[in-house]
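Just passing along the structure, written as structure tokens.
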Amino acid sequence: MVSPITFWIVAGVTILAALAVVSLKNLIHSALWLVAAFVGVAATYLMLEAEFLAAVQVLVYAGAISILIVFGVMLTRRGDIRESNLFTRYRVSGGVISLGLLVVVVSSIMKSKWIISREIVPENNVGLLAQNLLGQYVIPFEVAAILLLVALVGAIIIAKEVRD
Amino acid sequence: MIQFAWLIPVLPIIAFAVIVFLTRRMQMVSALTAIVAMAGSLIIAIGVLVQVFSTNITIAEPVELVVRWLEVPGSLLIEAGVLIDPLSSVMLFVVTSIAFLIMIYSIGYMKGDPGFSVFFAYLSLFSTSMLGLVISNNYFLTFMFWELVGLSSYLLIGFYWNKDSASDASKKAFITNRVGDFGFMLGMFFLFLLFGTFNFQELSVAIPAFANKTLLTIVALLVFVGPIAKSAQFPLHVWLPDAMEGPTPVSALIHAATMVAAGVYLLARGFVLFESAKTALLIIAIIGGFSAVFAATIGLVQRDIKRILAFSTMSQLGYMVMAIGLGSITAGMFHLTTHAFFKALLFLGAGSVIHAVHTQDIFEMGGLAKKMKTTTWTFLIGSLSLAGIFPLAGFWSKDEILVTALNAGEIFGVPFLGPLFLTLGLLVAFMTAFYMFRLIFVAFFGSEQAGQEAHESPISMTFPLVILAVFAIFAGFIGTPFTDNGFAAWVYYGHPHLPEPNYFIMIFSTIVAFAGILFAWIIYGKKAISAEKLAVRFSAIHTLLYNKYYIDEAYQWFFDKVFLRIADGCRWFDRTIVDGIADGFGDGLREMGARLRFIQTGNLQNYALVIFAAVVIIALWLAVPVLGGI
Amino acid sequence: MQLQLSDFALMMPEIATAVLAVGILIVGLLVPRNQTKGIGFLATAGFIGILILNFTYLGVNEKVLGGLYLADPFSMFFRFLFLTAAVVVVLASRDYVDNLKRNQGEFYGLLAAATLGMMLMAGAGDLITLYIGLELMTISFIILVGFQKTDAKSGEAGIKYVILGAMSSAVLLYGLSLVFGITQTTIISEIAAQITETGVTPLLLLGMVFLIAGFGFKVSAVPFHMWSPDIYEGAPTPTTAFLAVASKAAGLAAFVRVFMIALPGVEPFWSGIVIVLAALTVVIGNFIAIPQTNIKRMLAFSSIAQAGYILFGLIAFSSLGVAALLFYSFIYVFSNVGAFGVAIAVRNATGSDEIKDYSGLAQTSPFLAAIMLASLLSLAGIPPFAGFVGKFYLFTAVIDQGLIWLAFLGIGMSMVSVYYYLIVVKAMYFGKPKENSKPITISGSLKLALVLCGVGVTFLGLYSTPLINMALDVAQIFFPF
Amino acid sequence: MDGFPILLSIVLAPIIGALIIILIPEKDEMVIKITAALATFVSLVLSLYAFITYDKSVGGLQFLQDFIWVERFGINLSFGVDGISLPLVLLTAIVIFTGVFASWDMKNRSKEFFVFLLVLVAGVFGVFVSRDLFWFYLFFEVAVIPMYVLIGVWGSTRKEYAAMKLTIYLLVGSAFALIGIIALYLYAKGQLGYGTFDIATLSTVNFDIAFQKFAFFLMMIGFGFLVPMWPLHTWSPDGHVAAPTAVSMLHAGVLMKLGGYGLIRAGVFLFPIGAKFWAPLIAVLCIVNVVYGAMVAMVQKDLKFVIGYSSVSHMGYVLLGIASMNYLSLDGAVAQMFAHGIMTALFFALVGNVYHKAHTREIAAFGGLAHQMPRVAAGFLIGGLASLGLPGLNNFVAEALIFLGSWRVEKILFGFLHFRVLSILAIFGVVVTAIYVLRVVQKVFFGPRNPKWDHLTDAKGVEMVPIVILVGVLLLFGIFPSLLIDTINVGIEPLVAKIAAAVEIGGIF
Amino acid sequence: MVGLNEYLIFAAILFCIGLYGAVAKKNAVAVLMGIELMLNSVNINLIAFNRFLTPSEVTGQVFAIIVVVVAAAEVAVGLALILNIYRQRLTTDVNDLDWLKW
């Protein structure tokens, strides 16, 4: 099990990174901090002994998604990049509602009691995952493939420039 | 013949249908159809009359012929039935005979009118209604025909409907009668409620046994509202003078001889009810007496020949009503019979005059006696009969009413009533004689008017005059105090009261009548006293009388200023309040929609906020009872 | 646990649809641009074939992979619904697709993919399958909504849908994760048993609230409905039609499945919330529809209101209620596609979606006006059209639960809805056609779709027996006693 | 004709007619009209046949037909008529048949017109012949929407407003009835163990008092909208005025009767105790209808508004008959529905004729019209006389029965208001009716010839068909009322037995 | 000792921060970033539950993988749409997207 200090450091950094994402005015900075937050999440997965997920996280999110986002930022750049990520008029009301939600969720969590399993994580975690994905959960897995295909086709259709 | 009695009202309606659907374009055929049908009814009526008097049919033991007309099991049975007794058979004879004569008269009078055929159709319709009213054996059927005579009257008064005055008058007549029918209907319903039947015979058994006299009085008075309107008694008399807008034969038949007498007939027919409620009877007598005087005073100053006769009719009807109110259907019905003949005669005479001079104002006539001999003589006979001059028909019947009036004190147990009603009667007799002879002196014997080309009417018009004059002279002999087994022995309530000759009244009433004639002669014949000066001298009274006590104006005011305003208020309320609330509700909903649409701001973050706010709110809502607060 | 050959047999409709979707995408790439007519026929034929295939599953009640996937009457009924909707929408979109310059194959392929997603939602036996089905459907729809690239409204609708859709799926997902955590299973039928064991905890209720929000978003229940008017208005009309009927029905299928099977234990908690949501939905939807001038936007608000009515069936929490819900969802396909189909035709002819441009339609194109009339009356719940019978069953179900006030509210709001539907009728029948306006010509397949819808709403209105019997049978699986 | 589905054919004939008309090209107007006339003629003949061959000695529901429909809900498509519905079926058939002829001059979009008209009438027929409450309700609503289109397209005078108002009012009313029907169904299901909408079966269920009060209230409001009961009535004058001739005829002549019929069938018959509880309220409101309706009619300026408000007034009598709840009054109520239907159809046919030619209905604009249109005048006069309850015409019998029935009620409302006072006011309504009817007749038809209207031609040829038939019916049943009343008696008898058996409870007041 | 609740709270905080970003930022790309944070927090939830409650199974992880796939797809489509709208209106400000309203 992970020591509390590690957890708090990882969690603290991740939260700070996330806060930076939403508070900075420069979209590029936000995007970079987002990568940091994703890495923090990957670290959390590691603490939870989900190594494969951590790898996926880094690869897909920190890699692919971040690149996509930067890509998007580049494409949509207009005006001053330093003023590219401003707040809307929901700055306060959005905050209140987010905080309210947080209070509700956290207070519910605090009232929960869990029967923590004493079992340990099996050695062949990744193998088990593979078996599950291609066995019991083959339907979602296959559908996910179709979903990606659809998303791909869709992204192409929509993003492709119309030349008439 | 009695088994064919039902044909009496049916024949005219067949004539009506034939004229309306087939012969409308053939005027003479239409007239003949109507007259032949009427003649058939007359013959049957005579046959019935003869049979009734030759066999032992009395009012207490009549003959009834019925068929089922409308039935609601266990609740209601209304029969279409005929009731033949001396009362109805006499009335049938009177109606059929006068209707027959008036139809003949109308051939001449209506000649050339575009509505000739329709006129005869209407007359036939009227005859059916009137005869049905007379012959029916229950209140319900009577009521139906009662309304139908109202309809015929409406149609005939409004015969010249392109004249506004005529259509106004017809409407007024119908509506006034409707008010009366309203009361009649209530009374009739009460009878049904109390006794479960409309049948005259069954009621005549049941009513005397009924204990609650107060209730009976109310019922009787309600029923009496019908006759008040139909027989033009105060205060529902306003329609009758206006009804003179109709063609003169109509005035003669409907508004003098028969229909207006229906009220009196109903009082006689339903007498058991009134007899059982003495208070009601007294009120009837008072209204009758009052109307008699009231109408007579108005008649004194009118200028229109038909209006004078109309007020005279009203006055005489008051006489009859008073007689019945004083407990004598014999007197009432007797006067009804004689009055029918001589008043029809007078109206037809008036019609003959109008036909000749084309005016109705008696002061525009004059010297007609020389040009229209038959008319003058018959008119004179009628007037004398009406004035009650011995030995004409009117004398005997009026005499019987006065005798009844004298005995009024005994009936009600109030001694002074006798002299009171007698005085009323004599006063009316005086005024009657006065205004009739005022008419005669002015119209027939006055100075000739320049440029008037009056000449005698055709034979079809004078023939009925002569026949009616004969009746006006001799009809009274069936009921003189010296006649055995006469009218009083046939038409009576309870036991026959054969009248004793009362010479005091005979003489006194004759004196009063002659006084009236003399007075009229002094003013209008000899012109010893100037009528104009009198009118100026008593201008207030004269104006009041000439304007019929302003009762029409009062009603008109009530209708225009109260009734229509209420109606207008209702309309306003309906459109503004009732509809306004409904429309306002609809508008409110629409308005709400128009405002609510702005929650859809188009901003997606706003939408997202709403979603999450809702989540928080729902969670808090659940948290309150479940978590005991967060 | 492995997939058996027999499991394939049980999932043939889904597999066929997946094949159809991918196949159309491929064919679309291969076929030259000017010979794309065949793709429409292929899609139609494919959907009809699968529809027929689906009928062979009548009465089948089997589990696949130990309950991860269910081939039961409920999923069969919804497949029937989705495929019917797909067939009529494909037919109705003919005129729209013909006007597209490119990507015609992709349109049909995405339609098929969305259908596949819906089928998975209806048939899902576990939360993961349910979620992936939902996302497949959502993403397909996002693309379909933003399909009209040259139309700024379509693009805007696409962005709104993708962002709000992702947020709602995040909410749903959070709820699913909580439910999974509390019960340690994703299999829907096992969740209920777990809940009876552990009892109701605050976190479970919170999860339930998140699920309500997530599903409420899909069925567009107030206040999670905000997206739908904008998206309905902006999206190409055939997409809107499919979105309104099928996506809503799929959300409903998942909603019913999860709440009836997994969460009956917390029914006392969610029923109150759903009652309030349903009431709000009916009221708000109908009210805001009144002032609308754009027919698609009006129909969007009307379809929000319809969702409220459908939720009545869930509230009733009885086999009658579920049957009524199923019945209403089904006839709603015909009512709505009929209305949207006419909107497609009018849009193609006049380029406008404004109600005032329907003026005189009854004189220029009496057929279109008649179909519109029947569809709108069915939506309003006026006999002899099917909407009436549907509402009748729904109200019966809620009154049976003693919720008479809710029935009153529902009927009262139906009257409000009559008002705004009649505004369209007024334009079509009372209005004068514009000068020299010609009868609108429509393709044979759109005509066929409209005839199907017209016949559907009329026939099911007069003779609802087969469908309601089927729905009652399906409802048995929730209330077997 | 044993086994021939008479009632089904009565309902289907107009629908088939409508379907045929859809197939006829719009330009063949004459063919369309003849088809419509034939379709309604079939219904008329069958209705007459049913009316004549109905076995009064057996009574009850006859010409039964049953088709199982939604078995699991207990919905059956079942037809049958008894003494209450049979006259109303006949009424509908007469009014629509004459209505088709009254719209013979329809030129504008006549194809659609007749399609909607026939659908409308099929709905009305369906209501009267249904024995199943579900179909009863369904048919009723079928009748509403065609009305909207018919008024909105072919109407006049604020037609769009009136059409919308009418539709919404009728639907709101029916909403109450629908809730009532569903509640009734569920209650009965609880008692019987199975669901059914069959009225006869439902009438055997013992509804407890609280439920009866509740359910009858719903029915009262629901059908009260249709009748229309004050203050739910404002749709009807507006609707009458705006509607084209045939629709006015059908609307005032038949559609309003659905309310009275429903109140009797689904109200009094099923919930006698509830009816007793609410009857005083109905009684008070119906008097408002009668007197207030007549008063408002008095000051109207538009001919059709007069008739519209007169309908409000006259339907008050129907309500009075129902509120009085005895044999005579209920008999009268049904008879009045029939009589008023015929009478008001006649009125609207005539007004339509005048309006079509003169293009105005303003009373003040007319005068002396009988010169130019004597037949119309005669017809109008007869209608007016029927309206004011003249003996010899059908309405008199009906009104008399209602009055006689209500007169018998010995109830005291509010602790001081005797029921008979209401009867007296109702009877007084007849006087007011006479006033406004005769005023209108006089103002429009009597008086000197007005050369302005010399171009108007009298009714002739096809136009005479409605006038002759309707006047004939008024006279026939007016002179021989037992032809009608005997049939109604048979229908009312079980109803009265039911009322008599119901527990006596205090009324609302 | 770090328990399950700590992980859950951590995830909840992350979720709310993501939410705040999604509702309070003008730039559509930033909004997408916020959504990604929300989805990530769900994954933490799933994996934490998996780890603490049923360590011998991998259901939670399977779920998380699916979520990752979906997130990727959503971002791809979302960015394509943003690109499209940028071409038309030259803006990525979500507040400007209000042609469809009322």
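We call the chains A, B, C, D and E, going by the order they appear; numbering starts again at 1 in every chain.
We take it that a residue touches a chain if its C-beta (ideal position, glycine included) is under 8 Å from a C-beta of that chain, and two chains touch if they have at least 3 such contacts.
Note that the structure is a prediction, hence the values are computed from the model and not measured.
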Lowest number of touching-chain links that must be crossed from chain A to chain E: 1
Chains in simultaneous contact with chain A and chain B: C, E
Chain whose Cα centroid lies nearest the overall Cα centroid: D
Farthest chain relative to chain A (centres taken as mean CA coordinates): B
Distance from chain E to chain B - Cα centre to Cα centre, in angstrom: 97
Inter-centroid spacing, chain D versus chain C (mean Cα positions, whole Å): 42
Separation of chain D from chain E, taking each centre as the mean of its C-alpha atoms, in whole Å: 65
CA centroid of chain C to CA centroid of chain E, Å: 26
For chain A, residues that touch 2 or more chains besides their own: 88, 90, 94, 97-98, 101, 104-105, 107-109, 111-112, 137, 140, 144, 147, 150-151, 154, 157-158
In chain B, residues with contacts to at least two other chains: 586, 597, 600, 602, 604-606, 608-609, 612-613, 615, 619, 623, 627
Residues within chain E bordering two or more other chains: 8, 15, 18-19, 22-24, 28, 31-32, 48, 53-54, 59, 62, 66, 70, 73-74, 77, 81-82, 84, 94-95, 97, 99-101
Chain-to-chain touches, reported pairwise for every pair that qualifies: A-B, A-C, A-E, B-C, B-D, B-E, C-D, C-E
Of chain D, residues touching chain B in the complex: 165, 168-169, 230-231, 233-234, 292, 295-296, 298-300, 326-328, 331, 368, 370-371, 385, 388, 390-392, 396-397, 400-401, 403-405, 407-408, 423-424, 427-428, 430-431, 434-435, 438-439, 442, 445-449, 481-482, 485-486, 489, 493
Contact set on chain E toward chain C in their complex: 8, 15, 18-19, 22, 28, 31-32, 35, 38-39, 41-42, 45-46, 48-49, 53-54, 59-60, 62-63, 66-67, 70, 73-74, 77-78, 81-82, 84-85, 88-89, 94, 97, 99-101
In the complex with chain B, residue positions of chain C that touch it: 159-160, 163-164, 167-168, 171, 200, 202, 205-206, 209-210, 212-213, 217, 223-224, 226-227, 229-230, 269, 273, 284, 286-292, 416, 419
For the chain A and chain B complex, residues of the former touching the latter: 88, 90, 93-94, 97-98, 100-101, 103-104, 107-108, 111
Residues on chain B engaged by chain A in the complex (per definition of touch): 605-606, 609, 612-613, 615-616, 619-620, 623, 627, 630
